[in-house]
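Okay, so here's the structure we're looking at.
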Amino acid sequence: MARNVTTRHKVTATAAAWIVALIIFFPILYTLITSIKTEPEAIAGFSLWPSGTFENYITVQTQRDYLKPFMNSVILSVGSTILALIIAIPSAWAMAFSPTKRTKDILMWMLSTKMMPAVAVLVPIYLMFRDFGLLDSRIGLTVMLTLINLPIVVWMLYTYFREIPGEILEASRMDGAGLWQEIVYVLTPMAVPGIASTLLLNIILAWNESFWTIRLSTTNAAPLTAFIASFSSPQGLFWAKLSAASTMAIAPILILGWFSQKQLVRGLTFGAVK
Amino acid sequence: MGSITLQKVSKVFGEAKVIPSIDLEINDGEFVVFVGPSGCGKSTLLRLIAGLEDVSDGQILIDGKDVTQAAPAERGLAMVFQSYALYPHMSVRNNIAFPLKMAKMEKSAIDKKVTDAARVLNLTDYLERRPSQLSGGQRQRVAIGRAIVREPSAFLFDEPLSNLDAALRGTMRLEISDLHHQLKTTMVYVTHDQVEAMTMADKIVVLNRGNIEQVGSPLELYKSPRNLFVAGFIGSPHMNFVDGAYAQSKSAKTAGIRPEHLILSKDSGLWTGTVKVAEHLGADTFLHLDVDGIGQVTARAGGEFGAQYGDRVYLTPDEAKLHRFDDKGIALRA
Amino acid sequence: MATQNTKTLARLMMAPSVLLLLVWMIVPLAMTLWFSFQNYNLLDPSNVSFTGLFNYQFFYTDPAFFQSIWNTLVIVGGVLLITVIGGIAIALLLDQPIFGQGIVRILIISPFFVMPPVAALVWKNMIMNPSYGVFADISRFFGLRPIDWFAQYPLFSIVIIVAWQWLPFATLILLTALQSLDGEQKEAAEMDGANFFNRFVYLVLPHLARSITVVILIQTIFLLGVYAEILVTTNGGPGYASTNLAFLIYRTALLGYDVGGASAGGIIAVVLANIVAFFLMRAVGKNLDR
C-alpha cells in the first residue's frame, strides 16, 4: 500500500479522524471546561473559554465531602479486584496448565454466570444484604463486585496464562527448579504482565459498575457512581460543580483506561479478538 | 556415566495405547536417535525418559538406578526442546546460568561455566541479550548451552532442528555431532528426519505406532532392514518396492531395490521405462520413471546422466543388493 | 504436566472460584424462582402465600410490561445499529495512515471509561438540556426552536447516551480486527483488480464478521441491563416511555415493594438473556478450539 500514501490522502484522513475524535470526546472536554467556569458562566450559553476558577472543586469537597465516595471507590474497586485475583489466579492457572476434558465446559459455564441479568437477582440479593446487615457496607459491596467480575478475571488470566508455553515450564523442571522456584523465577515473571493487565481492566470495570453500587449503598459505603447519581434530582445552577465532581470521578479511571486500551479488547471479548 | 534402560515401558493416554511395551538399552556415551513418522510415540518415549510424563507401566533405569518415580530434576538429564523453551525474561547469560543457580552453585563457578559454554558455542558477544533478540540458530545454541553447563549424565533432544531453515539445519547437525565427540556424553535425539538420524546416530531406534521396528547402526538399517517399514523409512530417495512376477521370480512377496542399486542404461536392460521427471543435481541424477509392467520407480545415477522428460531408458536391478520381503512384510534373509 | 499429582492439585486450585460462582449463581436464582410463585410484598412481609403463576400473569397483563420489553429492544437494537455501523466507519478511518494516531485513539476510546451516571448527567445537563445545553445553543444558532430531548424523545435520548458510551468499544475491537487483516491479502485483491468498495465487501467485511458478532453479542448482554442511564435522566418516564425491563423490575421491587412480581420479571429477564447468551457462548466457544 506504500505507493498509495500520498501526503494529500494522509492529510484528508487526518482531518477527518481528528474531527470525529473531537466530536466523540467533546462531552468529556466540555465537562472539563465547565468545571472551571463559574455557575453563571456555565449556563450562559456555549463557550469554550472558562474564567479558570478552581472554586467548584473546593466546593464539591467542602459541601459534599467528595473525598469519602472517592475513597470508597478506591477501596471497592481495588479491594474487589485483588480479592478476585487471589481466587482466580489458581483457577486460571490450573485450567491453562493442567487442562482436562471438562476445562472448556467450566470456562463456558463461568462466562454464563456473567450473562445472568443483575435485575433478576436484585430482590434476593437485596433481601440477603438487608438481613445480614450488609446494605451500605463496604464489605458487602466488595464481595458483590468480586463475584460479578470473577468470571471475567478468570477468563482474562486464562487467556494470558495459556500463552505461556508449557515447554518453558518443563524446561525449568528439567533444569532442576522445584515447584517454588518454578513459580518465583519462571512463572511469575512471565505471568506478571497478564496479571497486571487483568488488574487494570478489572479496576476499571469495578470503578464504573453502576447497578449494585447504587442499589446496595446509601451514604457510608457509597462510591462515586452513587455519589454522582445523587446529583440527578436538582435542576440548574449547579452545573459547574457537577462538572467538577464528574471530572474528579472519571479522571483517574480515564487515565488508567488509556494505558489499558490493548488489554481492553482481549479482556472484554474473552480472548475472542486480539 | 549415562546408561539408560527401559524395561517393558508402556504409556496409555485415556483409551489410547501410545506405547504398548518397549524394552531398550542405551549405553553410556552413545548417540541414540529415535526416528519415525509423526505420531509414532518417539517424543512420548523421550518425555517418559525425561520424567515429564508418568510411565503407565514398566521401569526406567538410569545407570542401573530405578528412576521411574523420580521427578525430572532428580534424573540428572538435560533436555533441548523443539521450541528451545528459553526463558524470555532472562538474558542469555541468565538462561544458561539458570540450572546452575537451581543447583545452588557458587556465583564465581557459575560465571566461569557460563563463560566457557558461551565460548564453545560462539555466544560470547550475545550474553547480555534477550532470547527475542537472537536468530534461530543462536537460540538453539543457547538452549544447548543451558543443557551442557549442567554436565548431565545424558542429553535429550526433542526435534531440536525442526524450526531452522535447511542450511542452518546442516550446520547445527555438524555442531551437535561435534559436541557429542567432545563431551562423550549419552545423547538421545528425537527426529522425524531420517537424514538427521543417519548422519548423527551411533544407534538408530526406528519407531512405528509405539513399537520398536528395529534397532541398529545407520548402516545396519540401510543394508539389512528387518521389514518393509524400516526399508521404506530409511534411505533417501525411498526404496522402490516391486510386487508381482518379478518378486515371485525371487521367491518373495515384495522385492525392494534402492534407487542407487538400479543400473541405468540407454541401450539395454531388464526393464524399460519412460522418464517422468529428471532431477539433475550435478553430483547425482534422480530419475522418476514409469516402468513398463512395474509402475513408478525412482532411480539414481551417480554424476550426470543425460535423460529428459519422455526419454526411454533401460534399468537393471543389482541382484546382490536386492531386498526380499515375505507376505507379512518381514525381510527374508538369503 | 500430565503427572497424576499435578491433576489433583489442579482440581484443588480450581475449587474456590468454581464453588463461589456456583453458590452465587444458584442461591439467588433459586430464591428468585421461589419468590416468583409467592405473594410477597415488602410492606406486608408477614403475609406471604403461594400464588402459582399469578405473578407471571400479573406481569404479563400489565401494559407496562410490553412497553418495557419494546423499550428494551429499542435500546438494544438502536445502540447496536449506531455502534456497529459507526464503529466500522471510524475503524476504517483510523486504519488509514494519519498524523497523531495515538492521540486520536485515546480521544475516541475515552467515553468507554466514563461511569454511566456521569455520562448520563453530562449529556442530560450540558448537552441536551432544552435551555442551556449545547444542542439548544446549536438549534438557536440556526434559528430553530430547541428540542426538549428527554420530554419529547426520552427513549431516543437514552439510546444516544448509551451509544456514545459503547461506540468506543465497538470501534476499538473492530479496529483491532481490521489491523489483523493480512496486508498481502489486500495487495492480492488489488492485483486482482478489486477497488476500495470491492475490497471492503469481499475482503474486509468477511474478515470483520467474527468481531462484529462478538461486538453485537457482548454489547447485547450489557445493553439488556441498562439501568443507571435511565435512573439519572428520565427515571423511566414520562409514564413508562423510557422504562426497560431492568428498570421495570427495579420499580416493581424497590419502589412497589412487590417481591413476587419483581421476581417473576426477573425470571423473564433471565430467559431473555439466556437466549442471547446461547449465541454468545457458541461464538466465544469456537475460539477455544483454535
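Labels A, B and C are assigned to the chains in the order they are written; within every chain, residues are numbered from 1.
Simple rule for what comes next: a contact is a pair of C-beta atoms (placed from the backbone, for glycine too) under 8 Å apart; a residue touches a chain by one contact, two chains touch by 3 or more.
Predicted model, so just to flag it, every value in this text is computed and none were measured.
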Point to revise | Best-connected chain pair, where connection means C-beta pairs in contact | key: A-C
Check your understanding: What's the chain with its C-alpha centre farthest out from subunit A?
Key -> B
Check your understanding: Just by CA atoms, which chain is the most central one?
Key -> A
Review point. In whole angstrom, how far does the Cα centroid of subunit A sit from the Cα centroid of subunit B?
Key: 53
Review point. Centre to centre, by mean C-alpha position, how many angstrom separate subunit B and subunit C?
Key: 57
Point to revise | Computed distance of Cα centres, subunit C from subunit A, in Å | key: 16
Practice item. At least two other chains touched by the same residue of subunit A: list those residues. Key: 170
Exercise for review: Mind pulling the residue numbers of subunit B that touch at least two other chains?
Suggested key: 52
Review point. What parts of subunit C, by residue number, touch at least two of the other chains?
Key: 1-2
Revision key, fill the gap. Per the touch rule, the subunit B residues reaching subunit A in their complex are 50-52, 71-73, 77-79, 81-83, 85-90, 98-99, 101-103, 146, 150
Check your understanding: Taking the complex as given, what residues does subunit C use to touch subunit A?
Key -> 1-2, 6-7, 9-11, 13-14, 16-18, 20-21, 24-25, 27-29, 31-32, 35, 90, 93-94, 96-101, 103-127, 131-132, 134, 137-138, 164, 167-169, 172-173, 176-177, 180, 183, 186-187, 210-211, 214, 218, 221, 224-225, 227-228, 231-233, 235, 245-246, 249-250, 253-254, 259, 262-263, 265-267, 269-270, 272-274, 276-277, 280-281, 283-285, 287-288
Study note, to complete from the structure: subunit B partner, complex, touching residues on subunit A are 165, 167-168, 170-178, 181, 185-186, 189-190
Review point. How about subunit A: which of its residues touch subunit C in the complex?
Key: 1, 5, 9-11, 13-14, 16-18, 20-22, 24-25, 27-28, 30-31, 34, 42-43, 45-46, 87-88, 90-91, 93-95, 97-98, 100, 104, 106-108, 110-128, 147, 150-151, 154, 166, 169-170, 204, 207-208, 210-211, 214-215, 224-226, 228-229, 231-232, 236, 239, 242-243, 246, 249-250, 253-254, 256-258, 261, 264-265, 268-274
